[in-house]
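Each of the next two complexes has chain A plus one more chain, namely chain B in the first and chain C in the second.
After this line comes the complex of A and B, so read on.
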């Protein structure tokens, strides 16, 4: 199992490194067109061939990985901050505040959020720039994905409030913000970190689903989800299997996350 | 018992009202609410564009829009779809049974596979079996629903199976962890020490403890299944509410989207609450 963990870490590090160095690794920009070489087969110049518009597939996969791998953690950070605020307030206040806040959390948990996502994503302006679309897509993911983490944080906060060190701090007159900052937050840090890491693959997959449905990141900016959308032309997959590259990258990256996070998920 | 059912029903109604309001507000405050795809139709006169904008402005006040919506709901009127030009109620009547049938079959597959693997892991206790079950679960969790739907479409396999395979890893993982936890309980440790066989251990000692929590998981699996059903319906051309939601999203059909969100919320929250009640009942039975 340790070997599997090492492989997963190596995969994620390589993917992150490739994303950071996309400019140097990719033979061309993600939007650069080679008009004379549209739908070209893999060659030394174009490792994965070119797409219908003559854009280098390898470059688009590397840049797409950058979008998904860097924005999913930002969305996860946003959802973790929201979860910490909502769950922390509910846990700290207790009583009717906790009941109301956890009722709202239950509501969010019960909703199949792909329905909610496509609803909100569908009412975005039509003339949205690609950069704005990518930011809004991941911001939406972050804002809608806080509920499961909020439950865990609320339970953690309640547990921490009952612990000896908090009782002792309270007895010494520590209260309010200082109690939260000095005692509660450090004890909730492991739970928050686990929720942060667990959210990353969930958001990458959600973006992939949105992208495949044509409601993700706008062209010409590539994302793994947007690139997976091209697989709809599945008649071409058998003669041109290199078209599957974005899907293989996506599955390998998510699989690596799953291997690393399986224990944390069980604990969460 | 009666009081708790009444309270659950009341809670359901309040949650539904809040869900409806939240859906309406979310759509209203989302950037781009005031822009309409219909405005881009070539050949529209400036008067027609103005009329479309006026119709949209009428819905811009959230409380007014919501009250109007609730009033219609009480009279069985869910409005008319802007894109399909049909009453939303008729669309739901056509599409909902298709989705519910698919969901029921998918959950049957998911629960059968998930529980079979969990029981197998408990019974066999082989490292290889657990590794194989874990990896198959991990593979399906790592695959976006849309991609699996495409694979099933390509292979001409039943799409419902794809939904089942997307949901089963959660059921497998949860039930396996639950069984593992049960094994550490003192009375089960004693039973094992006395030489009670694995099947007897499972049926007499583990299942009664695990059942209430598994019932709660049924509610969650309905929500998961509905989420996975959407892309599968879109790609495999199943005429259910998932495909309808996607069509509505593509054509920015607000009345249809709000109603669909509301119906899906009703379904999932209702199912989760029912399961919660059953879980409490089963828990009481188990302790008795």
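After this line comes the complex of A and C, so read on.
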């Protein structure tokens, strides 16, 4: 278990390092079209061959990891903060506040978030750069993904309020913000960390889903989701198995997060 | 012994003769292929989707049919026809002794009934618009059971060809619109799964040897949305044809068995990009100025490498387009037009002559605004996304920044037709009809489909006024040469003014099992099975 944990961290660190150093590792820019070498097989010049427009597949995978590895954790952080705020308030206040807030959370959970996301994207300004558009997409994912975690945090906060150390703190006159900051939040930290790690692969896959609908990251910026979307014409995969590279990377990255998540869950 | 040998030789000789005539096929059998969705209707007059159109094509009877190879109308239920009264009337002589699939006799009364139903406003038939040439009602005169005259309030251009889209219903059959005059009738339908068509026992057509057509016993249309799964099923022999395959699937199938796919040549489908020229559009005024400039539009057209687009996106199964009429439309194509040649320096010169200038690899207009715009296209269409990405790269070479935006189709349609909140749009046009009269709403400045600036109250430019004039000339005369001259002029103006930048004409790619005999794929719909009655299956 410990070994697996180390491997997962090593995998994620290597992937993060590779994406940060993409400019030096990749043989070409992710958008550069070598039109005379389109659909080339893997070679020294193009390690994973080239795509339909002659773009280097390896470069696109390495740059694509940037989007997934950096923006998904940021979106996860945003959704965890929102979940902590909403769930924490509900659990701490209890009574009618909890019922109202949790009712609103249930309503939020029932929303068809994919359609909501499509609708919001449809009204965005058209001249946004691909980078701005992908940041907005992940911000939306973060803002829409807090509800399941909020329920867990609310339950955790309610449980913590009944614990002996909180009774003891209250008996000594500790209350309000100090009680939350000094006693409640530290006790909720494992649950929050678990929610954070749980959200990362969810957001990576959500982006992949949007990519499959053609509504993910806009061209020419690559993302793992968008690259996986290119596998839709899978009749071509038997003769060109190297096209599976983005899917393999996606599985390995999500697998590594899941390994870390298991540890966090145990701690929580 | 000698007599026996002679008998065997005779039997062999006869068998060989029959095989030679059939191309190695035999009567009977079931042809299987896929529909992308369940048919929305079996009422032939209400057809508005591909799946229903397939069922209609295979089951309905028509007065005449346009041969998809020669592009000429041929007699079907009508033996002959004559245009009268300067295009206001048409008289059909009908085939005698024809019966519907349920045995109900066919006569001129059925044609009159069909035309009245078709033009009844409450039916909302998409086919009827082409016949509405002027105010007033259609007058039908049944002169005898096999002779009918249809009188329209105003001349209808291309009148005879329009009957290629009019399925003839029965006025008396208890089965109503399900009674078929075509080669097959609908025998079974399981929603979401399949439609089973069986041979119409009363179909009138016979082959040169006098055998009743169609050769096939039945056609099974299975609903399959995923083209990749459809291709896999074709490879496994579970279906016999795919009417339209993507270039990627074509290449894959071709690498396994070259005889299992065919490229029928450029289709009438054209991919295009246009700039929003609606005066009230919520886009900056300086951008409206660029988009209204012919030099700007031409420069963009010149900077796009269509050859690369055809080679990479469509894997060579497309040709650069000169306009919205493909070369395969033999009569109506203006042969004097050539696709815009790729020339970045020429594009830059043209832009400079229009006041644009390059500064640090960035093109700016005369007021110093950087030239940047977005191209919207429909999400999920990979070839369009790739074309937009290629345009992005091509225009970067002349200092123009392009943002590619993919939107779900409903949002795109809303921007195109209601809010006009877009700058440039990349989409495709599907031309079902070869005749220009079907494109009136696209070219008339008042037309709803005048995509760059719909429903103009008066033509916004002199060249649009000229297009209006030429379109009206071609729609109001029966003289084919005058119509052709007018339509050539429209194509020429469209090329010179480039309100729409035509990119490529896609080829019609079909997959037809070598087991199917007599197949003659056409670039025009329905590509693979347009001669369904002559298709035959070899012994499996």
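The criterion applied here is as follows: the second predicted complex is superposed on the first by the 245 of 268 C-alpha atoms of A that agree within 3 Å, B and C clash if a C-alpha of one lies under 4 Å from a C-alpha of the other, contacts with A are read in each partner's own complex, and residues count from 1 in each chain.
In this section, a contact is a pair of C-beta atoms (placed from the backbone, for glycine too) under 8 Å apart; a residue touches a chain by one contact, two chains touch by 3 or more.
Note that the structure is predicted; figures quoted are calculated from it, not measured.
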| query | When the two structures are laid over each other on chain A, do chain B and chain C clash or fit? | reply | clash
| task | Using the touch criterion from the header, give the chain among chain B and chain C with more contacted residues in chain A. | result | B
| Taking the superposition as given, does A:251 touch the first partner, chain B, the second, chain C, both, or neither? | first
| said: Once chain A of both complexes is superposed, is A:40 in touch with chain B (first), chain C (second), both, or neither? | reply: neither
| Touching partner for A:114 - first (chain B), second (chain C), both, neither | first
| query | Of the partners chain B and chain C, which touch A:122 in the superposed model: first, second, both, neither? | reply | both
| task | With the two complexes superposed on chain A, say which partner A:74 touches: chain B (first), chain C (second), both, or neither. | result | neither
| Touching partner for A:218 - first (chain B), second (chain C), both, neither | second
| For A:53, is the partner it touches chain B (first), chain C (second), both, or none of the two (neither)? | second
| task | Scan A:205 for contacts with chain B and chain C and give back first, second, both or neither. | result | first
| task | Based on the superposed arrangement, let me know which partner A:232 touches: chain B (first), chain C (second), both, or neither? | result | both
| Which one hits chain B, of these parts of chain C: 111-119, 291-299 or 417-425? | 417-425
| message | By the touch definition above, which chain A residues appear in both interfaces, chain B in one complex and chain C in the other? | response | 118, 121-122, 126-128, 213-215, 232, 234
| said: For the complex, give me every residue of chain C touching chain A. | reply: 228, 231-232, 246, 248-249, 252, 255, 308, 311-313, 372-374, 376, 378-382, 385-386, 388-390, 392-393, 403-408, 411, 421-423
| message | Under the definition above, what is the set of chain B residues touching chain A in their complex? | response | 11, 15, 18-19, 22-23, 26-27, 30-33, 35, 37, 40, 134, 138-139, 141-147, 150, 153-154, 173, 177, 219, 223-224, 226-227, 230-231, 234-235, 245-246, 248-250, 252, 254, 257-258, 260-261, 264-265, 268-269, 272
| Which part of chain A faces chain B closely enough to touch in the complex? | 103-104, 106-107, 109-116, 118-128, 136, 201, 205, 208-209, 212-215, 225, 228, 231-232, 234, 237, 247, 250-251, 254-255, 257-259, 262, 265-266
| Interfacial residue positions of chain A with respect to chain C in the complex | 31, 33, 35, 38, 52-54, 118, 121-122, 126-130, 213-215, 218-220, 230, 232-236, 239
